[in-house]
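In the two complexes that follow, subunit A is the common piece, with subunit B as its partner first and subunit C second.
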Partner chain A sequence: MSNHTLPERLAAVPVHAGRKPDARRRWKGLLPYAFIVPPALYLLVFMFWPLGRQIYLSLTRTRLATPNRSTFIGLGNYERLFDNPDFYTTLKITLIYSVLAVVIGVAVGMVAALALNRPFPGRTLVRGILLFGWAVPNVAAALVWLWIFNERSGILNTVVTGLGLERVSWLTSTEMALPSILLVTVWQVAPFVMLVMLAALQSVPEEVKEAALVDGADRLSVFKAVTLPHVLPTLQLVSLLVMVWSIRRFDIIYLLTGGGPIGSTSTLIVKLRQVAFENHDLGLASAYGVVGLVLAMSVAAIHALYNRRRQT
Partner chain B sequence: MRRFSKVTTRLLRGLLVLALVVFGGFPIYWMAVTALSLNSELYSTGQVPWPQLSNLPAMVADLAGLPLIRWLVNTGIIAVGTTVLSLVLGALAGYALSRFRFHGKGVIGFLMFMTQVVPEALILVPLYAMFITFGLLNSLLGLVLANVGFSLPVTAFIIKSAIDAVPYEIEESAIVDNCPRISVLTMIILPTIAPSLAAAAVISFFAGWNEYLFAATFLMDTSLWPASVGLASFIGQYETPLSAVMSAALIFSIPAIAFFLLIQNKIVAGITAGAVKG
Partner chain C sequence: MPKFSLFAGALALALAASAAVPAVAEDKVTLVVANSQWLDALRGDALWKAVKVYEQRAPNVELKSLGVPSKDYGDRMITEFGAGQGPDIAIIQDEVFYALADAGLLVDIGAAAEGVTMNVTKDNGIVDGVTYGIPWQRAAYALIYNNALVEQAGAKVPKTVDELIDDAHLVQEKTGAIGFTARHQLNDFTTYYKDFQNWAYGYGASWVNDAGKLTINTPEAVEAVTAFKKMYDAKIIPTGDDFPTQRTRFKEAGVGYSIDNSGGTLNIASGSKLKSGELGAAPLPFANPGAHQQIYVVVNANSDHQEEAIGFVKWLVSPEGQTELRKASGPDMLATDVPLLDEFVAANPWAPVFADLAAKSRPLLIPGHEVETTQIMRPVMEAVEEVLIKNADPAAALAKAQENVDRMF
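Let's look at the complex of A and B:
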């Protein structure tokens, strides 16, 4: 970025040392590896080896008690998975949860960003308060939301009964549990969307907006014609990030409902834990996880492909 | 007419901001209010909806009954360990990705980006089995090693984009003078990108601070529990006064809130840098 501000002669200096003539001596070609090998090796041991092992587990029959003793059974676990109506419920819940988290979270975050885009007294304070949901650790968030949702004494039901309505089982009924989890998710995700979109909105060229307004365009059409196209790539990026995070989200769902009641908030990743630690079936659990991983990776891949197309 | 619509727009905008502030801020307000309530109010006579500072001594007394200090010390150890290891490895990776061309660079960048897609729960069991073998189960070190797998790539991407913005000329003369590359990195490059290093440090610190699933699985010994696991153990348990639980949750949250607010824009830049440049 700052390259633009440098004098031109600096722009001619090659950024990559590998191209420099003093890299002639042979061992110098190995220099990059001295830097990249330790972190790469680290990730190999603590990320990709376990990941590969988990994918392998999905092709085996393995019990939790003996995770190092497994029998290879090919695609058996996936056959069991695709024959199981439970799997389709879990997949459906994962998709509903992730898509709604994106739609609502991005909408709320975008509205907040638009509301905060123009200065007003107290804007910094308001922005700080709006960020709470993003900054609070999952466990602390779960504790306070459990109390807010508490069926007998929680503030939500105090308000609901105060309005003369029936108490709501926010987290313990199959109809309300997923919407309640979504509410907490939006509370956590929308602030991040707001921050990113606020940065994007601030970079919209002010002159173009003003010129359009002077020419008699109303604010809505200026938004549609100038602002929206300018921030659209960022909006797409942030939507994809929220989607991937929703697919892999575990803590807040597990702590609020544990996937219940009767599996109504059980996403693939929550189900993975349940099958592994309650049914002790590591093979099938891994198969659930692999489906989740493939789902998240396809979203990331769509993003990467889209990005490449935009750049060329 | 135009004047009227201007007033309405401002009013609507004000109401919208108010609604957002209530939605965003209420849970934390409620955490504080609940922390300053008596258990009798919470479960029978009804919660008082504003903070009662007169209950502060009672809250402190309840809080003293929890092993909060030990939990926070453990949390701190995990967070510091995660930060140090992420920064050291992240600086190496960030420098290599920014300044060198080498075989496999694209693949390594892609795989590092892909770590952010991997759910923690997916590598939980293999890590568990591995930690049994190497005696890392039930140890804070094992937990740090597991956490760094996720925070290292983020740190590396932040450092890489920071180094990308540093002109090559700054290190050129040192390289010509045959100064070892590692010293070029530590003595010349890293000091110039100190703000980004700070942001990377805060991100990995709070990744370790907030982490729950690995800690809950790998630590059996309650004396090793971090605050996340300790606080989660109160869920569905009613012996501990709720006011004490909420005040502990608040104390656990305040450092995270303070630092996230302090470097909010840097964090966003870091997270999106990983996604854009991977």
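Let's look at the complex of A and C:
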């Protein structure tokens, strides 16, 4: 048995042993910051700095060949933009394209997800095949579709003429170019929607659906009252993503039509490229980019507001 | 002991030798030479070997190639030069050349051409009295045709657009091949407008008048667009095909006529079903000469080795440099009048036609508006597209283009 009192024993404990819990606590407090710093730095360097630079460039007269020699002109580029009737056409095409890509892409993806949500022989294989469009790189997909749309020897016109109809100018007529691009977009977007929605559908509790069926509800009512409310947040999120991607989409449109014919597929991003690299006008191109950014952020803001209202 | 001395001596010698090698390497200046042509499957290696001969004349210089695909090449050079970077030497097309010269990113290389008798190609490399570019190659446009198909169809070499349409129809009807190929889609804008310049120049159009005013809706331009529309409506071209596909069809002996430049024609004539000897070339079926593309050698103002780079350019325009370049350049016109090689002409009988046309052809870029040519030609080509697709009146469409251009400048 020790002859020392408790205070004596405590005093005998080495000083460094008393610091250990403090250091651990401090380290624990710093740990989240340690995790946050790398992505924050990444965002700062690769996103916020270029974004700030783009906004600044949109307020300057800057040539492509002399990006470091800018003249500050305030809102001059925006005045040029809003005075140009072509800008409104471009904006309209961007909105039509993006909204239709969301509506059709999400609808097709949702239907595919519902079809794949029930077991049937070969389901895994079908799911793999349906994912193909999403897995193919955009440039490769655009080149393949160029051949499919080829007026003279493309498979689509082979089918069309086989049915006794006239050849269709899929990419070279103002009426068909945008629908053709939408077709390719849906082909690419729908598998992604399908995959996400399938995961959401599989999380719907089976017992709730079964209970509703036992209570006499038909399948459509079960979908409307049980399944849809359950997957609605996912559906909204996926719609938001598809919308923002569509506003930003460049490669497919540029490779298939370059914005033509007669500007019928010229979206903000295609126009941005044209102004920057054909006209060498980096200032005006940046203004186009900022408009695209505002458009995408508006969509995200509407989504956030809607979500907040739904939750309260 | 003697064994040890021997070993020590050998070691010292080896060390001295190994130390000497890096010393020599360090003294060498490395010049990075950029060119999209280095990646050309047909001529890339030969062109690179031609310039590498310079290393034998300048042992202190090592040339390093930078090949960039042609589609991205111009944009990459402009952004790299603009950012204070880029290769020491670049071999660039007209529109990139003028953009860089205008931005003050090129070095005056007039000293490299002193005492050299250059041909007409030199004029385009001089901006505001300063030589910023030495011609590398000039590629003129000509009417090319498949001799066998033309003969089989009983057609001839057309001298007017009407004759071209009739002959192309004959080829289509009698042989089943495509009558004619031409770029006709805006997704290929930068090359489409260049091809269209042949039609515009061919009908005598000039996009700028003597006073420097941009003149888009001139009677000559209207006539050119009308003729182009007539050709488009004649159903002699494979509508919807991009131009690489059309060239491939020509290579496969499936096309009667086309308008192409010398580089494109060499591509068609090489390693394909259609043998080069079966290919013919003739002046364009227009009253006036057509266009040419010109490529320049320039020295980057950001380069740390400007003197050595100018030395390379000096060698390039010397008789030896030009002879080496001629071996690899095929039918293109060079900075000096180096004749086509006899064996090349024997294998490619169409080549001399391009050389003749290159002496009279006009530059693709609008004089005085070289940097803005692409920007000016966008509304012009949109007007052409409206005429082709929407059957718009050529005069009205070009008047609208004129308004757009006036608003820009």
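Throughout what follows, the second predicted complex is superposed on the first by the 262 of 312 C-alpha atoms of A that agree within 3 Å, B and C clash if a C-alpha of one lies under 4 Å from a C-alpha of the other, contacts with A are read in each partner's own complex, and residues count from 1 in each chain.
Following the convention adopted for this analysis, contacts are C-beta pairs under 8 Å (C-beta built on N, C-alpha and C of every residue); 3 or more make two chains touch, one makes a residue touch a chain.
Computed from a predicted model, the values in this text were never measured in an experiment.
In the superposition on chain A, contact is made by A:Leu146 with both subunit B and subunit C.
In the superposition on chain A, A:Leu51 makes contact with subunit B only, not with subunit C. Contact with subunit C, but none with subunit B, is seen for A:Glu278 once the two complexes are overlaid on the shared chain. In the superposition on chain A, contact of A:Leu171 is made with subunit C only, not with subunit B.
When both complexes are overlaid on chain A, the residue A:Val160 reaches neither subunit B nor subunit C. In the superposition on chain A, contact of A:Leu255 is made with both subunit B and subunit C. By the touch criterion defined above, A:Leu95 reaches neither subunit B nor subunit C. If you count the residues of subunit A touched by subunit B and by subunit C, you find the higher number for B. Shared-chain residue A:Gly263: touches subunit C; no touch with subunit B. After overlaying the two complexes on the shared chain, residue contacts for A:Ile73 are found with neither subunit B nor subunit C.
Counting contacts by the rule stated earlier, residues 64, 67-68, 146, 152, 254-255 of subunit A appear in both its interface with subunit B and its interface with subunit C.
Partner subunit A is touched in their complex by these residues of subunit C: 75, 78-79, 81-84, 99-100, 102-105, 184-190, 238-242, 245, 371-372, 374-375, 378, 382, 385-386, 389-390.
Across the complex, subunit B is touched by residues 1-3, 6, 10, 13-19, 22, 31-36, 38-40, 42-43, 46-51, 53-54, 57, 64, 67-68, 108, 111-112, 115-116, 120, 126, 128-148, 152-153, 155, 158, 187, 190-192, 195-196, 199, 237-238, 240-241, 244, 247-248, 250-251, 254-255, 269, 272-273, 276, 282, 285-286, 289-290, 292-293, 296-297, 300, 303-304, 307 of subunit A.
For subunit B in complex with subunit A, the residues that touch the partner chain are 13, 16-17, 20-21, 23-25, 27-28, 30-31, 34, 42-43, 46-47, 49, 89-90, 92-93, 95-102, 105, 108, 111-130, 133, 145-146, 148-150, 152-153, 156, 164-165, 167-169, 172, 175-176, 181-182, 185, 206, 209-210, 212-213, 227-228, 231-232, 234-235, 242, 245-246, 249-250, 252-253, 256-257, 260-261, 264-265, 268-269, 271-272, 275-276, 278. Of all residues in subunit A, those touching subunit C in their complex are 63-68, 146, 149-152, 154, 169-174, 254-263, 274, 277-280.
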